[in-house]
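Dropping the structures in below, format is structure tokens.
Across the two complexes that follow, chain A remains constant while its partner is chain B and subsequently chain C.
Up next is the complex of A and B:
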């Protein structure tokens, strides 16, 4: 098992290299000229050439790529022409907001999806089951940005229940920075006012993002659980007189949840991608909105940094999922 | 020797049986029928757009701006006084075409590359599979966004970007199936009677690897339409005044408070198309799976 984990961890490096190669090549076929954009419309041709030389944009692409990789290894992702700051410090500023948002969404999706799916399967053909099946298909089919607008319309404009545009109340001091995630930091420092405010601010965009994965997890849980409930050992447990609640929770659900673990990684990728749209709608100060602004200004270093970070996080999450799957699945663990 | 006529009759009986089976299964699954109806409905709307839309989707009427839904404007009007209903009707052409072209091209490219890789095996197979691994290491939307941004905003570039990612899905799917099929006896038989490698590959291997692709295509169609609209929403897709659903929602977003109908109805259209594809794909999977069981 150690060998498997090591191999998986090692595999991240060539993947990361391949990935940067793809994105790097892409960002250099961009039609707009970043130097001209940086200097504005009044720049002289000589000035553009001088800056190009200074940024070493006249070197052949492979050399530029090698230089980029070398810098990346040192944690340097280049310089943003638009914000006029190093990309790394921008990303550090915005990334945790996105990470917090997508993690809260994943938690909502998993808890909600598993509970709904489990009840739906345990009471097969009951009222809830009858509603969960079409509702989960609805949830899967709704575009994130549309759900976001509906939430905004109802809970922000009509009912005034949720705030937007900030991660924490205007008059509340953010908790001392430990992880950068406001909820975790306020929990760690015992700052309950900040905690309440942070949760209040994240709930709108998090619900919007969670809907689709919640629907998928609910569906998957339901069908897995129904399959497991057909197994012989469930019959044995029932025959022994074990109560139905314990049969479902202890004997069936634990086994039905194994495949759910594997889809969590994929769902997380979906959440990372969709968070761009949720951030735009709820004005959430995250990395997706940052990348989108950079795209609009033809500022490619941040876009490159954004995709590298997103892919890295996605790969790490999937690594954790795969490794924990090996760990929790007794069939694999003892083989 | 059997006559041609009797062979034709057997064919008719076979087709008849399949059709009866299909109708029978469909009748027992109202949700699949609903999905089919939604898809057929949207395709008809797209084809008949000029006859259905009461107004020009692009012509500007400043005096009619932001009118709420009424008898003259079913879904209200936007900031330029354009009829939202007509724009949605014309928008169906854009979204459905995007879905068709992207899934079509992805299936074609993916099955050719994936199939060839599996058929040839060895280094080529490894290389192709590592490349698909690489594409899957990105969250789909992030990669699509970055590719479209590099190529420059626009509908064609959105399609190119999605195909560039999506063919890998089918490459993997077809590959896994081809690896299975190429060991079958009938493939060996075809070789034994002297069929060329190309013929063996195209006719005997590839054609027999197709059933899982059919279901996947239907389910993916909805997802691709949604992805296209998402790129439109972040401003990378069709540019105004093109009546693209995602772009319409994006421009209607700022008027959410005063003119809720402007971004709401295009979203409803996307939702319905995706729902239709999901219902139909789900139903097809059930039907095809019971048949193989």
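Up next is the complex of A and C:
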């Protein structure tokens, strides 16, 4: 197992190198001068040249790329020409907001998807099944921006149930920063007012992001569960008089979970990637908006930093998913 | 089941606590405003060149001089009370007494010397553009400083009123300086140390900035302290969301809305919409006049005549705009209001000019624009596409980000670019003129025409070196007329920034260059 994990970690290196090379090349194909953009139309040629020299942007591209890889290996993701801050410090600030949002979305998607899928399978062709199936199709088909606007219109504008435009109440101070995730930090510091407000504020964007993965998980759960419920050992359990709830939850669901875990891992990557739209609509100050701003200002190093962090998270999540197979299904062995 | 119930009760309690927490406002007068984007930093030296950042900087900092936007945009005292010079090289400036920074450091000649010396050595300082001539400074007494420039800069005071020439507390900089960062540039990214009307309470970039009234504020140009206790500035990128928040009463004020939204809001009870004159937001069409098909004067003139400006103003901008008269916009030094009528909609004339041009059969061209630059640009592009189809020009609309657009404009031969140009300050018509019409300064794509003209090339530096405002204005007019004769651009509209607000908000103003003035706002 350890050898398997080490091998997977080793493969992260060439993947990261390939990914950074592609993003680096693409970033430099786009016409524009990030330093001139940052300094504005007033900048003199001398001022632009001075800063380019100071930030070593006049070196040949391969040298710049090698230098970037070298500093990346040390955990330094470079410097943002636009925000004038180290990219790592910017990413630390914005990533945790996205991580919090994506994690809450994933929790909603997992719990909602598995419950709905299980009910739908257990009551096949029942009223609930007939309701869940089109609903999941609807959830999968709706683009994030459209779902976001619908949620805003219904839950914010019409019903007034959710707040928007920030991560915490207007007149509530954010909790003391420990992780950067308001919910976790509020819990750790025992700041219940901030906790309630943070949960209240994350519901809207999290629902918006969760709808699509929820629908996918629900459909996958339903189809897997239906397959497992046809197995002989389920028939045996029923014949022995085990209640249907126990049959579904204890005997069938666990065996149906393996593909769902895979789907969930993939969906987590989707959530991180598609958070940009939700962040814009719900004014959530996450890394998606940070990357978007960086792209608008041709600020290459934050774009690279964003890509590196996202790729790492995606690979890490996939690794965790693969490793979790062993615990979910004892028959799985990594040899 | 029990665990589930306990969880529900805890969650309900926590949510209730958050709601009660939100009600704890006391008697404070709090104004909540929303804007589409935040500044990237609070450091006036490095970031104030961007509109988002300069909006924040102007709340927290003051400049040495200001402009009188009520009258003629002339320079008026700010943190300086007076200045004298005979040759525009040696300046004696008098520092305002009784002003303190937010960290209680007194404002005096020593603090001024520190700021000027700092600007002169920092490569990031935009002030260097003008003060390439920065020389030496000498303290004459506690409130008087002598500045010796390397060359004459007649417009020095005009330049000093920009947000990036904001004055910073020397104590704060010294306290937070490091060996690698001797002027605490990094610290200034997230903190402030100004003399402005508000003090920074908290700033979560991209989310919200909270400032509170500076009780010891010296009063600024209008000699008054703010009337609100706190200002919460939310960053809400989506215009539709800002509109919803305004309707729900979650925010008091917002801007940057599209015409459709403004039209809806005008009809709503409890909400008022106000447009503000006198700002320098100009919409224009850029093209490279050295590359075909725009190297043909008749093509450029035909396009100028083919556009129905009145229709754009009435239908798209709902009347909150007027025909742009030239680079110094109406109300600014050197503006020629009569040039607004130089090109008016005349389709027959446009057709005739096209038929006489080298491109009588028409041509196909790209029109690029950044949709985030102006809420109504999409409509502008569609209307322009429709107008130009009448003179056999097929326009392909392309959305790009501004940095790409300026880079392409800098390279040249890019088709057409729809640009919103807001200038940098009201007293700097000089820059508006020389950036757009002269070739001796790099503009990184903001001067899209690539036009070089002998007369203009001589007049621009002359104007810049002329301290006499009347003579300078005359030179600007001459340059602008020349540009119109040669149809160097299409001058479309001068926009009035529109803000929608709750109807209990009074005394809000938007002043050049598109800055929100909050310090006289009241909530009735």
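By our rule, the second predicted complex is superposed on the first by the 323 of 335 C-alpha atoms of A that agree within 3 Å, B and C clash if a C-alpha of one lies under 4 Å from a C-alpha of the other, contacts with A are read in each partner's own complex, and residues count from 1 in each chain.
As a convention for this text, contacts are C-beta pairs under 8 Å (C-beta built on N, C-alpha and C of every residue); 3 or more make two chains touch, one makes a residue touch a chain.
Just so it is clear, the structure is predicted and the values come from calculations on it, not from any experiment.
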- Look at A:161 in the shared chain and tell me whether it touches chain B only, chain C only, both, or neither; answer first, second, both or neither. neither
- Which of the two partners, first being chain B and second being chain C, lies in contact with A:192: first, second, both, or neither? second
- Message: Taking the superposition on A as described, I'd like to know which of chain B and chain C A:328 touches: first, second, both or neither.
- Response: neither
- Message: Going by the contact rule set out at the top, does A:44 touch chain B (first), chain C (second), both, or neither?
- Response: second
- Is A:249 touching the first partner chain B, the second partner chain C, both, or neither of them? neither
- Pick one for A:111: touches chain B only (first), chain C only (second), both, or neither. neither
- Report for A:6: first if it touches chain B alone, second if chain C alone, otherwise both or neither. neither
- State whether A:138 touches chain B only (first), chain C only (second), both chains, or neither. first
- Does chain C touch more residues of chain A than chain B does, or is it the other way round? C
- Query: Which of the two partners, first being chain B and second being chain C, lies in contact with A:281: first, second, both, or neither?
  - Reply: both
- On chain A, what residues does chain B touch that chain C touches as well? 30-32, 149, 152-153, 157, 280-281, 295-296
- Residues on chain A engaged by chain B in the complex (per definition of touch): 15, 18-19, 22-23, 26-27, 29-32, 134, 137-138, 140-146, 149-150, 152-153, 157, 269-270, 272-274, 276-277, 280-281, 291-292, 295-296, 300, 303, 306-307, 310-311, 314-315
- Touching chain A in the complex, chain B uses residues 31, 130, 133-134, 137-143, 145-147, 149-152, 222, 226, 229-230, 233-236, 246, 249-250, 253, 256-257, 260, 263-264, 267-268, 270-271, 274-275, 278-279, 282
- Item | Partner chain C, residues of chain A touching it in the complex | 30-34, 36-37, 39-48, 50-51, 54, 82-85, 93-94, 149, 152-153, 156-157, 160, 163-167, 169-174, 192-200, 280-283, 285, 289-290, 293, 295-298
- Message: Considering only the defined contacts, which chain C positions touch chain A in the complex?
- Response: 11, 13-25, 30, 32, 34, 37, 40-41, 43, 46-47, 49-50, 123-124, 126, 128-129, 132, 185-186, 189, 202, 204-208, 232, 234-238, 240-241, 244-245, 247-248, 250-251, 372, 401-404, 406-408, 411, 424, 431, 435, 441-444, 446
